[in-house]
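Presented sequentially are two complexes of chain A, the first with chain B as partner and the second with chain C.
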Partner chain A sequence: MKIMVAIKRVVDYAVKIRVKPDKSGVETSNVKMSMNPFCEIALEEALRIKESGRASEVVAVSVGPTQCVDTLRTGLAMGADRAIHVEHTGTLYPLSIAKILKALVDAEKPGLVILGKQAIDDDCNQTGQMIAGLLKWPQGTFASKVVLDEENKVATVEREVDGGLETLCLDLPAVITTDLRLNQPRYATLPNIMKAKSKPIKKLTPQDLNVEVKSDLEVVQVMEPPKRKAGVVLSSVDELIDKLKNEAHVI
Partner chain B sequence: MENWRPSYRLLKYSFFDRRANLKFLDSSRTSTPGRAYNFSRSCELFQQDVCFQRRKFSTFLRGSGNGVMASLQNVDDNRCRIGYRNFASMASTTVRNPSFSVINSDDIDYFKKILGESGVVQDEEKLDDANTDWMRKQKGSSKLMLQPKSTQEVSQILDYCNSRCLAVVPQGGNTGLVGGSVPVFDEVILNVRGMNNIISFDKASGILVCEAGCILENLISYLDNEGFIMPLDLGAKGSCQIGGNVSTNAGGLRLIRYGSLHGSVLGLEAVLANGTVLDMLGTLRKDNTGYDLKHLFIGSEGSLGIVTKVSILTPPKLSSVNLAFLACKDYTSCQKLLYQAKRNLGEILSAFEFLDINAMDLVLKHLDGLRDPLPSSTHNFYILIETTGSMESHDKEKLEAFLLQVMESGLVTDGVLSQDINQASSFWRIREGIPEALMKAGAVYKYDLSLPPEKMYDLVVEMRGRLGTEANVVAYGHLGDGNLHLNISAPQYNDSILSKIEPFVYEWTSKQRGSISAEHGLGLMKANKIHYSKSAETVKLMASIKTLLDPKGILNPYKVLPTSLLSHS
Partner chain C sequence: MLRLISSSSKSKPYSSLSYSISIHSPSNNNNSDNNPKFFSSGFSINSAITAPLSQNRNGFPKFPAKIADFDQYGSRFRRVQDLVGGTRNFSSESSLCRESINYDVVIVGAGPAGLSAAIKLKQTCKENDVDLSVCVVEKGAEVGAHVLSGNVFEPRALDELIPKWKEEEAPIHVPVSSDKFWLLSKTRAFSLPSPFNNKGNYVISLSQLVRWLGHKAEELGVEIYPGFAASEILYDTSDKVIGIATNDMGVAKDGSKKDNFQPGVELKGKVTLFAEGCRGSLSEKIISKFNLREKGQGQHQTYALGIKEVWEVSEDKHEAGSVLHTIGWPLNHKTYGGSFLYHMKDRQVAIGFVVALNYHNPFLNPYEEFQKFKHHPAIKPLLEGGTALEYGARTLNEGGYQSIPYPVFPGGAIIGCSAGFLNVPKIKGSHTAMKSGMLAAESVFRTLHEGSPLEAFWENLRNSWIWKELYNARNYRPAFEYGLYPGLALSGLEHYIMRGKSPWTLKHGKPDHEATDEAQMCKPIDYPKPDGIVSFDMPTSLYRSNTNHDHDQPAHLRLTDPKIPELVNLPIYAGPESRYCPARVYEYTSDESGQLKLQINAQNCLHCKACDIKDPKQNIKWTVPEGGGGPGYTVM
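Then we have the complex of A and B:
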């Protein structure tokens, strides 16, 4: 069985982000970029499934500008067998990504598609669900545990939901999106980094896949959240009640 | 001379000539871990008196450093070893200088007048904290802590203390490892944590002017916003203050790239013992007008003056930072790796640290949330190489070519390259967390030595031979600067272990013409050890400078220089 993992190149999790002065977006030039942490977890899960013998190949896929190749190389260094880079500069929204991935799935025919639950730059949490919808495949989102059965027919997925943990059984092929507690991604060791240099990265464009990338959304403005105001130290209970009543209007 | 009391004689002689043969020491002394020992000293005193009969008392006249040094060379004729020095026992054998006054209520009133109520701290709990050093090995008994908010207040305090002959200990973050930042007896603690303003920052030149109480990590965050970094970085950054860093000439992880503070500090403002404010707060890169006095204060550990403001040159924050965590099978490979790194990585190399297998095991055992980056096999040595540059693609190419070469040549047996900032932080946490892990493991004897790189690990091997299974010898350090942090970890403080370590470590280092304190300073712990690394004439001149700047010796007494060299009225 083949596993396809979709990964995204985003601003590094530990970087302090700044809003661009024209408020059109977030400063991304000259800022450290790396693989989305949830995508790392997705790739790690795919690699573990492969190492347990249930999968034969892990294919890493990324859609974006030329620099996405770096992120794919990281994926290959972690252990993916090959990579596909769909090149497109300009903003991409989850629906376009989902359509591109659907086209790739139709071509590659994997048994499982694993993605991170959301990207840390847009926090959309939509791509996985959209792909499942387009493919008409079952989906197990916010997975905190994934177990495949012997014949790769059914995936048992434990999901982290608001009320606790929900366990689903999905018939394969299926789409799984990963949550934080699924696993701890491995480091890219030097021997693997060297080996990754010779692993193939196929280049495609959306046109090759007959997908038209258009967006129905337009970002109007990006602003920083208002700065937290300092607290006020009050001197008596009466003053507190007065403030709650007249200033905060909560009583 | 005849009237010298035995205890006074002890003060003069104990620092160099404790001929106490070990078996004479009372073995029934209690040893609460880390606190001052209660020696039963009568037998020691007797031993010393017997030994000292033969010494010419005239050689121990005040201030005659030469005499003391000469006597050291004559150790052999008695066939007595120079006695060992336990850091904790130093506090018990040091005697309070009787010329220092004791605080009275008038003093407190005066301080309250100039600092206000909040600036005078007499609260037991806070004093307890301020009296104890980070290693928990030394505790003073000061009854008063002052927290000035401006240079003017510092000046007024020192002027008063000088006139009253009250001893003062300057204190910043209290993260020092040689007992230099806490009182020995009842010295007044002058804590500068209230002076934590950033005065100015010039974006064009990167020159930062700030007060001495600014915490290093806060400065790093502030500069981060401006696109700059501090030229020094150490594990204690969350608590240490820049005034203390400058006063101890702190080294840290990035010395290999940005040099020492003697180069990065452009100016400072210091207050002398008599309250004189020395404004040397230049912000100029080049200024060859007269003697550059600021260098006296950098590294003098608060014994010549209290640093109140610092002007420091900060390098720009470069975007591309890469970190590789590598494994080597032996120390020779580590050295060759350093050589290769300097040549092949060149200008982008920004840190080169090493730790051995014992250090790695200790960290993984005692600290949470850390995992071994190379779990597949055990390795004897781990090296952290960091590169910092302005172009990610260029740096990655250089780094990968270098790593390929060292892997193929067999210098490196395995390694990982961090793929994002989180992974890099976790690698750094392993290296920076070693001191913390050592503290959690029990008692630790800490040594900070500068040695020729090719000889560095020989000492570790010898120490392991000497200590056997009694203690865990852990080695790590700034291999790029030739600085070894040798730590001996034992379940409890124990004299027999100490006797196997000291003075062997110091003598070994001295033979290699190394430094017995690469970056930690002398403080109280090594106050009488300076002769292992500096010549007699040099030390004598240091003593003259100290007497010139601080005639009454009130600033950080009993530390840095041997007390027997300093004559106080």
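Then we have the complex of A and C:
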């Protein structure tokens, strides 16, 4: 069985971002970029499934500008067998990504698609669900445990939901999105990084896949949250009630 | 010790015995580079107070052990080691299964010196139609992440290395437009004649330049591996350096292996170049092992701590290329140091403060001096209305000509600031670091290609412009041993009259760590509270350095004797490390009994090495943490 893992190149989680002066977005030039942490977890899960013998190949996929190749190389160094880079500069929204991934799934025919639950730059939490919808495949999102049963072609996924843990049984092929507690991603070792340089990365464009990248969404403005105002020390309960009623309008 | 304890409960008796041998460092490699968990860290001190002592089934005490009993366990290990005999290369169990990769040249550190050496090597190979495999390891998460410098760049070395740097889009855009030098008092600024000649120089971000150099190196075929920390020097049986080994990754705080444990990798090179920057951890080991200071110019190295911020200021206040240096306030006349303020492009301004680490008052807090300085009426208006973007700190060499060590040792050489080629009166070290890398590359090529001795590097250094430059600059910094005004006077004499031809060479004063006076002889300094607009508290600043380390790893700051902070540093010197560290790694906090104990917040570390330099008893040893950790400088 083939596993396809979708990974995204995002601003590194340790970087302190700031908004561009023209408020069109977040400053991403001269800023460290790396693989989305949830995508790392997704890739790690795919690699573990492969190492347990339940999958034959792990294909890492990324959509974005040329520099995505670096992220894919990291994925290859962690242990992915092949990588596919769909090149597109410009903003990409989850639905476009989902459509591109659907086209790739139709071509590659994997038995399982694993993604991170969300990207840390936009926190959309939509791509996995959208792919499942487009492919009409079952989905197990926020997975904190994945157990594959090859013979019966079933995946048992424990999901982290607001009320606790929910266990789902999904018929394969399925889409799984990973949550934080699923696993601890491995380090890419130096020898593997060296070997990854020679692993193949296939280059495609959205046109090759007959996908039109357009969006109905447009980011109008990005602002920093307002600066926290200083607190006010009040002298009596009456004053508090008065302020809550007349200034904050909460009662 | 710690790793032994936690793993022996899982492993068979025999393997736990062999484990204990391999943990303990071999006796000939004193201060062995990968001497892990044998030393206690702040973590163990804290938990030692609360956790009870217990034994595992082999009779060895379980972690955490009480500090007072530390020596007792140490001797137990030595007995075990004597039984079976320590071997040279086993400094961790994982070394038994470490992969080994061979290169012609291994360079530690992807900074200006390391990358220039790599580039020059590949260029020389191309000219001679041969090839050499060159590998550069870098502990930062990416190339440039740990690079911090003023920086007014003299392109002299770059012109020699990559003459077409402008066409190749090097991030060098802003020529120096003005050069000011002020003597500050508390409220005023007195303009002095500028001792610098910055014509032809540029205001740059060295971090950006190094990134660009990294791309150039990769284009030429150099293999650069960021995120890998060289933690151990590899020797062969004749004590020749044959390469380095990287850190084990995925080791938990108590020394046990985590799920994602990866043993380090050995990178073996026919020649190894150390380009770790000022006070490089492995370079210092090499220098002491091969007595390179005595074989070189002879004097010890002296240092300064530079703390820097990059601000974005309002358009009307920004003047690209403007260069300002100040001396005087807030430092007193006995403390050498001053500030710099360089206007880069895009409304960005680099502002920083440098304090020589041979300061006397243990109550001095370089970070707070910097924050105080920003409130000076001549400086504050520039920053008001601006945003602080990045923060960082790094030590720099001030020893100059008198402190240059002999840079060649069996198996390699030390280049860049790890040796120490910074020109103090010019306050520039990037160009000499790059040139030293290039000279080393030439010698290395001849060694590998023709078999000529690597010692030729020393001769090439002495015949190069680095030597002339440092020789002419040698008497400026030592003059300040006599105080600010005598120093200025002597510097004036040196600059305008003697012009470097003085028949004397002044000596340095005491080594920095010995220069601290006892706390009882000095007055505590009262620093003003930060206002949050122009000056900030430490956590806010630290946040801007993007520094991060995986919290679950052994503390990389090792105390050779864990009792010394409470016995010496605190009572005699009032805990200076809690003041000079620009990242608040060291804090004295009270435990339940009200006693002050040293707490080491290793996660905050900026890799500046100030503690390694300034600790009065030289008890703090900075070792390299897991690769990829540390600051994330982008425009520094």
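One rule holds for everything that comes next: the second predicted complex is superposed on the first by the 227 of 251 C-alpha atoms of A that agree within 3 Å, B and C clash if a C-alpha of one lies under 4 Å from a C-alpha of the other, contacts with A are read in each partner's own complex, and residues count from 1 in each chain.
As a working rule, a contact is a pair of C-beta atoms (placed from the backbone, for glycine too) under 8 Å apart; a residue touches a chain by one contact, two chains touch by 3 or more.
Keep in mind the model is a prediction, meaning the values are calculated, not measured.
Classify the contacts of A:187 with the two partner chains as first (chain B alone), second (chain C alone), both, or neither.
both
So in the superposed three-chain picture, is A:35 touching just chain B, just chain C, both, or none of them (first/second/both/neither)?
first
In the superposed arrangement, which partner chain does A:14 touch: chain B (first), chain C (second), both, or neither?
A:14: touches chain B and chain C.
Could you tell me which stretches of chain A are touched by chain B in one complex and by chain C in the other?
Residues 12, 14-16, 30-32, 34, 184, 187, 189-191, 193-194, which sit in both footprints.
Quick one: in the complex, what on chain A touches chain B?
Residues 12-16, 30-32, 34-35, 37, 70, 74, 77, 184, 187-191, 193-194.
Over in the complex, which chain C residues touch chain A? Could you list them?
Answer in residue numbers: 99, 101, 141-142, 145, 208, 223, 225, 228, 246, 249-250, 258-260, 262, 265, 267, 387, 389, 543-544, 546-548, 632, 634-635.
Per the contact definition, I'd like the list of chain A residues that touch chain C in the complex.
Touch list, chain A to chain C: 12, 14-16, 18, 30-32, 34, 183-187, 189-191, 193-194.
Which residues of chain B touch chain A in their complex?
Per the stated touch rule, the residues are 224-225, 319-321, 324, 326, 371, 373-374, 392, 396, 400, 403-404, 407, 412, 414-423, 425.
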